[in-house]
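Below you'll find the structure I mean.
By written order: A, B, C, D and E. Residues from 1 in each chain.
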Amino acid sequence: QETIKVGILHSLSGTMAISETTLKDVMLMLIEEQNKKGGVLGKQLEAVVVDPASDWPLFAEKARELIAGNDVSAVFGCWTSVSRKSVLPVFEELNSILFYPVQYEGEESQRNVFYTGAAPNQQAIPAVDYLMNEEGVERWVLAGTDYVYPRTTNKILEAYLKAKGVAEEDIMINYTPFGHSDWQTIVSDIKAFGAAGKKTAVVSTINGDANVPFYKELGNQGVAATDIPVVAFSVGEEELAGLDTEPLIGHLAAWNYFMSADTDANAEFIEAWKAFAGEDRVTNDPMEAHYIGFNMWVKAVEAAGTTDPDAVIDSLIGVAVPNLTGGYSAMMPNHHITKPVLVGEIQGDGQFETVWETPGLVAGDAWSDHLPESAPLISDWRAPMSCGNFNTETGKCGGQGS
Amino acid sequence: MLTVANATLHYGAAAALRGVNMEVAQGRITCLLGRNGVGKTSTIRAIVGQHALSGGAISFDGAELGRRSSHDRARAGIGLVPQGREIFPLLTVKENLQTGYACLPRAQRSIPDYVFELFPILKTMLHRRGGDLSGGQQQQLAIGRALVMRPKLIAFDEPTEGIQPSIIKDIGRAIQFLRDEHGLTILLVEQYLDFCRELADHIYIMDRGEIVHSGAAETLDDPEVRKHLTV
Amino acid sequence: MLFTRFLAGGLKSPVIIGALVVILAIGVIVPVLNLAVAPGSAFHIPDHMVPLFGKYLCYAMAALALDLVWGYCGILSLGHGAFFALGGYAMGMHLMREIGDRGVYGNAVLPDFMVFLNWKELPWFWHGFDSFVFACIMVAAAPGILAFVFGWFAFRSRVTGVYLSIITQAMTYALLLAFFRNDMGFGGNNGLTDFKDVLGFDLQSGRVRSTLFFLTAFFLALNLLIAAAIVGSKYGKILRAVRDAEPRTRFLGYRPDKIKLFAWTVSAIMAGVAGALYVPQVGIINPGEFAPANSIEMVVWTAVGGRGTLVGPIGGAILVNAAKSWFTGVLPEYWLFALGALFIFTTLYLPDGVAGLIRKMVGKARSKPRGKDEETEAPAADAPAGAAE
Amino acid sequence: MPLLRRLVLLTFAALALAFPATGARADAAEISAIVDRFATASKFPQVEAVIEALGAAGDPLAVPALRALEAGELQVAPDGRVVIERGDALLDPVTLEAAAPVEGRLKKVRTKNSIRRMIGDVISGLTLRAPEPAIRMTAAETIFASADAAQLDALEAALAEETDAGVKSRMEEARAAILLTASDDPAVQMAAIDIIADRGDQQALAVLATYANQASNADVQAAAREGVAEIESTLAMWQAGQNIWYGVSLGSVLFLAAIGLAITFGVMGVINMAHGEMVMLGAYTTFVVQETIRNSFPGAFEFSLLIALPLAFLVSGLVGLVMERGIIRHLYGRPLETLLATWGVSLILQQAVRTIFGPNNREVGNPDWMSGAFMIGEMSVTWSRLWIVVFALCVFGALLFAMNRTPLGLQMRAVTQNRRMASAMGIRTPWVDALTFALGSGIAGIAGVALSQIDNVSPNLGRTYIIDSFMVVVFGGVGNLWGTLVGGLTLGVVNKFLEPYAGAVLGKILILVFIILFIQRRPRGLFALKGRAVE
Amino acid sequence: MTDTQSQSQSQSQPVPAAAKAPINPALAPTPSARKDTLLYLDGVSRSFDGFKAINELSFVLAMGEMRAIIGPNGAGKTTMMDIITGKTRPDKGDVFFMGDIDLTKHDEPTIAQMGIGRKFQKPTVFETQTVADNLLLSLKGERRGIPALFYRDNRKDRRTIDGILDKIRLGHRRDELAAYLSHGQKQWLEIGMLLAQDPKLLLVDEPVAGMTDAETEETARLLREIAVDHSVVVVEHDMGFVRDLGVKVTCLHEGHVLSEGSLDHVSSDPQVVEVYLGR
């Protein structure tokens, strides 16, 4: 029997396996469930799993293999920006579809890619707003791993904070290498910075493995959330599973989904997940992003009546599916989706408790309004504009057409 | 004590020993002579187990050695003073000597006095690293080290190489002393004829991997025998 | 004249000649099977395979470069990935400049990553890269100069053995961290991507891909020839003498530092060329290429293929990478077991690598001084054994 | 300024502010009634209002309920009762007696940081007169940090009764902190500044700096600035000591990560790429031990590390033994090939752990004696780091003894220097080889136990340390244990002095450049083996 | 490698002109004492960790002279050669070659290129190269790398090599790897390498160790032959051999000269008998 193939392009080994393996599993689960419901267009789905091994050029190679070699109809994959950048030309050349489930720095909108994770305006900015308004934070530490996502996010935040009247000396920016494990100096610097008499918070774009030693050091040096809260954009339930969260109660994270979300859809999802992957497994935001992305794809394919990429790409825009926090997420013309933004506090059991959320859904903005060069850009993949970086000032579609 | 029967030995495809027969008698000094590259060292390697025979057999103390490992042979009582000294360069002189303890029961673990009597220089240099010693000093250390093991048989591979004349004499005396007082069996590979003649109870001469002469020490003066040793 | 005679020296061995023929043949056949044979045919090589094979050949070139220093000069470089990456960056910078105003922001001067991080002007070291010729020079010069300076100091200070290995690793690691930094102006972690064309030809077209593939094969053959000529010459003998007993060569009046420096620099340039050819075929260059693990992998390819055989490492690189491509596709969850086992198996049962196995099977070559390996002591990690006492 | 005068002034000021003295204490029923209002407080502002009410009631009886709320234990039953859920038990929030069982699901009273902060303030006000000095001390500290004027009268009252000198001075500081902002009498403020500046720590700095930014009176502001400068200069001095400590502790981590390698690689000459994985195995052993303890013997958690140490040594040592017997022993004489084989082993081990334990981080908890920090002057020392330093030194001492003072150590060194000759001396080389490798691996395993306390336990753990380990061993001088120790510490300290100036990334780059340059100077590492022997 | 380290640093100092340019006696006035000497050591001392291996050693070798050096184990003979060849730096003292080249200012390759060749006490040959290539590498001439890339086999070199192979009786093993040689054969090969270098001064450390008596005689004859147009310093413990050489003998002890003169003179010196020859 003929099947529809779906590519899964997540690292199962190497440094990123720690985050990405779960996403592969969740995709397998979603596909299995869909098949139970009868598949798509009357055909069964078949997952094609490959391991790009946290090796960026290998991502491109594997993407090519999936699309050209295995004829997959869509690919769900990538975590790091560089892996996405690496496969972009491949998707463009071979005209296929990628669903990218992770929060990222924005500044991109590509015809073949659908960004189901958060853009900076769906995570970073609301989180800062929360701290500023609810916690009265006046002094900011922007701590990140030294790479593009933190750099860009911090650029945006810095511009945003300054626009809100925060003085230069009230912003401390700190970068660390990947996998940094000795946080003693930085945590004590943060303490010192926070001792200047203004309410201080840390906005953390620290990535991956480095978070665990960072939080352990925070705990050991007694940086309590009530004194200096840390709000993180890359720390979710998965990361907390490796930590004793008792000393970290009250530190924050901003996401579009928490496992603790109290909805039926979520309960169902968690139950299915635990049945599929194991009782002690947790869910997190990128998993929800894949959930949304996958359902959108299914819906779009059903609507288009074909898996032909061009047709699916067109029919994806405007598709709305339920998310797990009790609303609907819709695919915008800029290939980003609408999501609620939640701020949660870490609990002793490794879960987050939502302490704040945006009143409505926030639409992902591909081009930040807080960076001078990208402010005039908009993205709209519907005809007739069909452009990912339309410059409203010059009235031209930058780069692409000329 | 030690019997080498029809031993052959190969390095890769090249034969170094081709059917060597040899008998080392208990409590005697047996000398093995021969030009460069005829297979003397190879014979010793075969005896101490550093290189496997490709044919023939060696038995020691009545037991077949077969493929027993080098350390088992050492524990059975075969000591070695190798060609090229093979001192442990980063161990001190004392530690070099102490490596000989490995095959001794705990109670016997001491350095016999006659080692220092023979080679007083070792006593003064106990804490210097073996590798720093001069060539001759290393040679003395190598001999001392073998003595610490209290072996039943010592195989000396050119022990006088690089040693000053007075000490060569001492070594000669020591070898005799070991034979006479300790009943040690000695297999001596030498180039230094006078030394051999003086010490040997029995001599073997090798050429191209074979034993070409076997006889008492005096036979060395036989021109026929000498022929095997000239260029 | 002198040079052709020198290259001819590389043709002494039938193995090398055979390898050259095979490489060049592959360089021609693969594009032909891709372009000229109908897609339905059993002989057709699908489009996505061409850059993949091209990538293998680039890796093979890197392994060859490494073998020149490791196999013949005893320098276990754990930093050859740095030279590879530098060559790659030089080429990547040119390709970046070729994008011109077709970037997402439509900025004709600045690459995209500079635009969104608010850079105002092109950093000085980016100037010149709009010229292809300049970029080509830099492909050789950047790794070459780094290798020369690094080697000049290290060899002069008589850093050898593992000490040298580890500082090469420190070098590539430092470069990794440096290139990760966005402030460096090389695109940070994302590196350089989104290339459009080279010399005006569309990088995504099959014809250009095939041409690139052929060029890669050609350069691999050329490098092999050069390497063979080098090791076959008297200089090659000196090199091996230095490898085995560096102190001893000094007493013969040789200057091991200078001797090594030449091979080292040539090797770095070869790796750089490999990197430069790699970038357009793979479509991205990023600091990950500097990762110490990448350099170690190069060593692994070389060892698998057979160190000190020139041809072996080429095969090793292709074998290991083909295995990796294949395993990651068919055994995504268990391929590391397979690859790890492959490495262990090679060391245990193929002590001279695949090349050694083939040689043994052909059975014509004389055995290497294996006896030496079994018999003599291992000096701590391949530091040339002390020659003078 | 004489102390007496200051006190008089302060008391006077306090009286002048004339807060209404709290009346008779509310009784338990009253408190219960207030606590029960949590049942209807579904929004944060409502919760805050209840807490405020409890504070206003001024009765320490409210403390357990507040503490429970802070810890997330305060629950609302479907029938509207408010109870504390502690473990499996349900308690009455005021009397702390067992409460009647509840039908249906409990609902937690929600908190967040600002509420927790508020709870802290209120509790400190209520516990200022608690019988235990430690609690009073904490209360005073909290008030000092919050400088919450609402607590002033409670503080005054407590101060009047206080007998413990230490607590008393803390309370005075707290009062000063309040008065600094609450009072508008410059003299009172000046006095307060003096007290705070004398305290001289980071919190004092925070209080003074805040005030200095907003002071209305120029003189007072100048005094505050002066105080700030004074504190800053003492803190700067402590900072240097702090950096050294950080350096030493980082160094000891590096040392621990490297010391096993100093044996397998340094002594034996095996380029052991799987070293990191041995460390990882040690860390996972700790995880398994803790998991077992959590599930079966929760009481023994404090000893989990002590149990894990020998086990980790065994596990890693055993894997090392198998590796040596299975692979490495075929490779003596071909040291470079060990790189290839051990690289293969490391891939396999990594993937095996990933398959068995999953790719995610695993939680390894810190026992109490490994958590938290204490102060030496203004230098904070975390217990985990301190124990790791101590542990590293112990490992070093033991290893040094084993290698240099025991017959086995001698044999190990002899074998690795000349295997063939060692065998001819009667040393059982295969056995010694296996043992040496197992020892090196085992040591790596116990390093893993230590690292599990500060880093994440994931399949990648080994990879993060392998490069650093090689750097340390080579920097210190291959084959020399002292070199590894001093090398690790040096790199740690240099790193920590560079980091504040150059940042973590550039600092790390500089360290690498430093190593490269250093090796030019000393091509055989810090503790180079000298003499003819090594050429 | 203690000393070579320090020396590698000193390498960075500009090499004195003497290393490159031919020596101009007019520019470098030579003290008369060193005038016609080939090798001139005066007051040389060197200690290792406090142990004086060489102690106020003075030693002069005339142009074209052959000298035998004897002395107890550890007397400093090998260390003296190390000092001459630049392997070890003396703590103090003068070491001059050809009257006015200060050897302490040069490194091993430079000294080797000036024409000082050396045979090591423990034979050190290039094990992974053939016997013939060992000699080829030692052949006098170009020592730079790049020109060696373009080196071509030529009859002259081949003939020289064959000649040497004959002399050291390894002709039949010409194309075998040096690793396959026995200990004594390596000794011979190393002597061959020394011959191939054709240096002005040969330093020969224990050439006959491990040789049969017949070979020893052969070696003595060979050395005498060489000494006709070269200067030679031979270290040996084999008195028969030293006698065969028939040259002036120096006896070192504890780092300095104990006795010097004809062999008969030296060997009758009671001190020499005491510390060296034994009774």
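Everything that follows uses one rule, which is that a residue touches a chain if its C-beta (ideal position, glycine included) is under 8 Å from a C-beta of that chain, and two chains touch if they have at least 3 such contacts.
The model shown is predicted, which means the values in this text are computed figures rather than measured ones.
Counting hops only between chains that touch, subunit B reaches subunit E in a minimum of 1.
Looking at subunit A and subunit D, the chains that touch each of them are C.
Traced through touching neighbours, the fewest hops from subunit C to subunit D number 1.
The chain with its Cα centre farthest from the Cα centre of subunit E is A.
Of the two chain pairs examined here, A-C and B-D, the one linked by more C-beta pairs in contact is A-C.
The most central chain, judged by C-alpha centres against the centre of all protein C-alpha atoms, is C.
Rounded to a whole number, the gap between the C-alpha centres of subunit B and subunit C is 51 angstrom. The centroid of the Cα atoms in subunit A and the matching centroid in subunit E are 73 Å apart. Annotation: 43 Å between the Cα-based centres of subunit C and subunit E. Chain geometry summary: the mean Cα position of subunit A and that of subunit B are 75 Å apart. Residues of subunit D found to touch two or more other chains are 350-351, 417-418, 420, 463, 479, 505, 508, 521, 523-524, 531-532, 534-535. Residue positions of subunit A touching 2 or more other chains, listed in rising order: 12-13, 146, 175, 177.
Multi-chain contact residues, meaning those touching two or more other chains, occur in subunit E at positions 1, 4-5, 8-9, 48, 78, 121-122, 180. Those residues of subunit E lying in contact with subunit C across their complex are 1, 4-5, 8-9, 11-12, 78, 85, 87, 107-109, 112-113, 117-118, 120-122, 124, 126-129, 133, 136-138, 143-146, 148-151, 177, 179-180, 193, 197. Residues of subunit B touching subunit E in their complex: 11, 14, 33-38, 41, 83-84, 121, 128, 132-137, 139-140, 158, 161-170, 191-193, 229-231.
Partner subunit A is touched in their complex by these residues of subunit C: 46-48, 51-52, 55, 101-107, 112-113, 115-118, 177, 180-182, 187-191, 193-195, 204, 282-284, 286, 288, 324-325, 328-329, 332-333, 335-336.
Against subunit D, the residues of subunit C that register as touching in their complex are 76, 153-154, 157-160, 162-163, 166-167, 169-171, 173-174, 177-178, 180-181, 247, 292-293, 296, 299-300, 303-304, 307, 333-334, 336-337, 339-344, 346-348, 351, 373-382, 386-389. Residue ranges of subunit A in contact with subunit D, taken from their complex: 12-15, 17-18, 21-22, 134-135, 146, 174-177, 179-182, 184-186, 188-189, 191-192, 194-198, 209, 211-213, 216-217, 219-222, 225-227, 229, 238-239, 241-244, 247, 249-250, 252, 345, 347-348, 353, 355.
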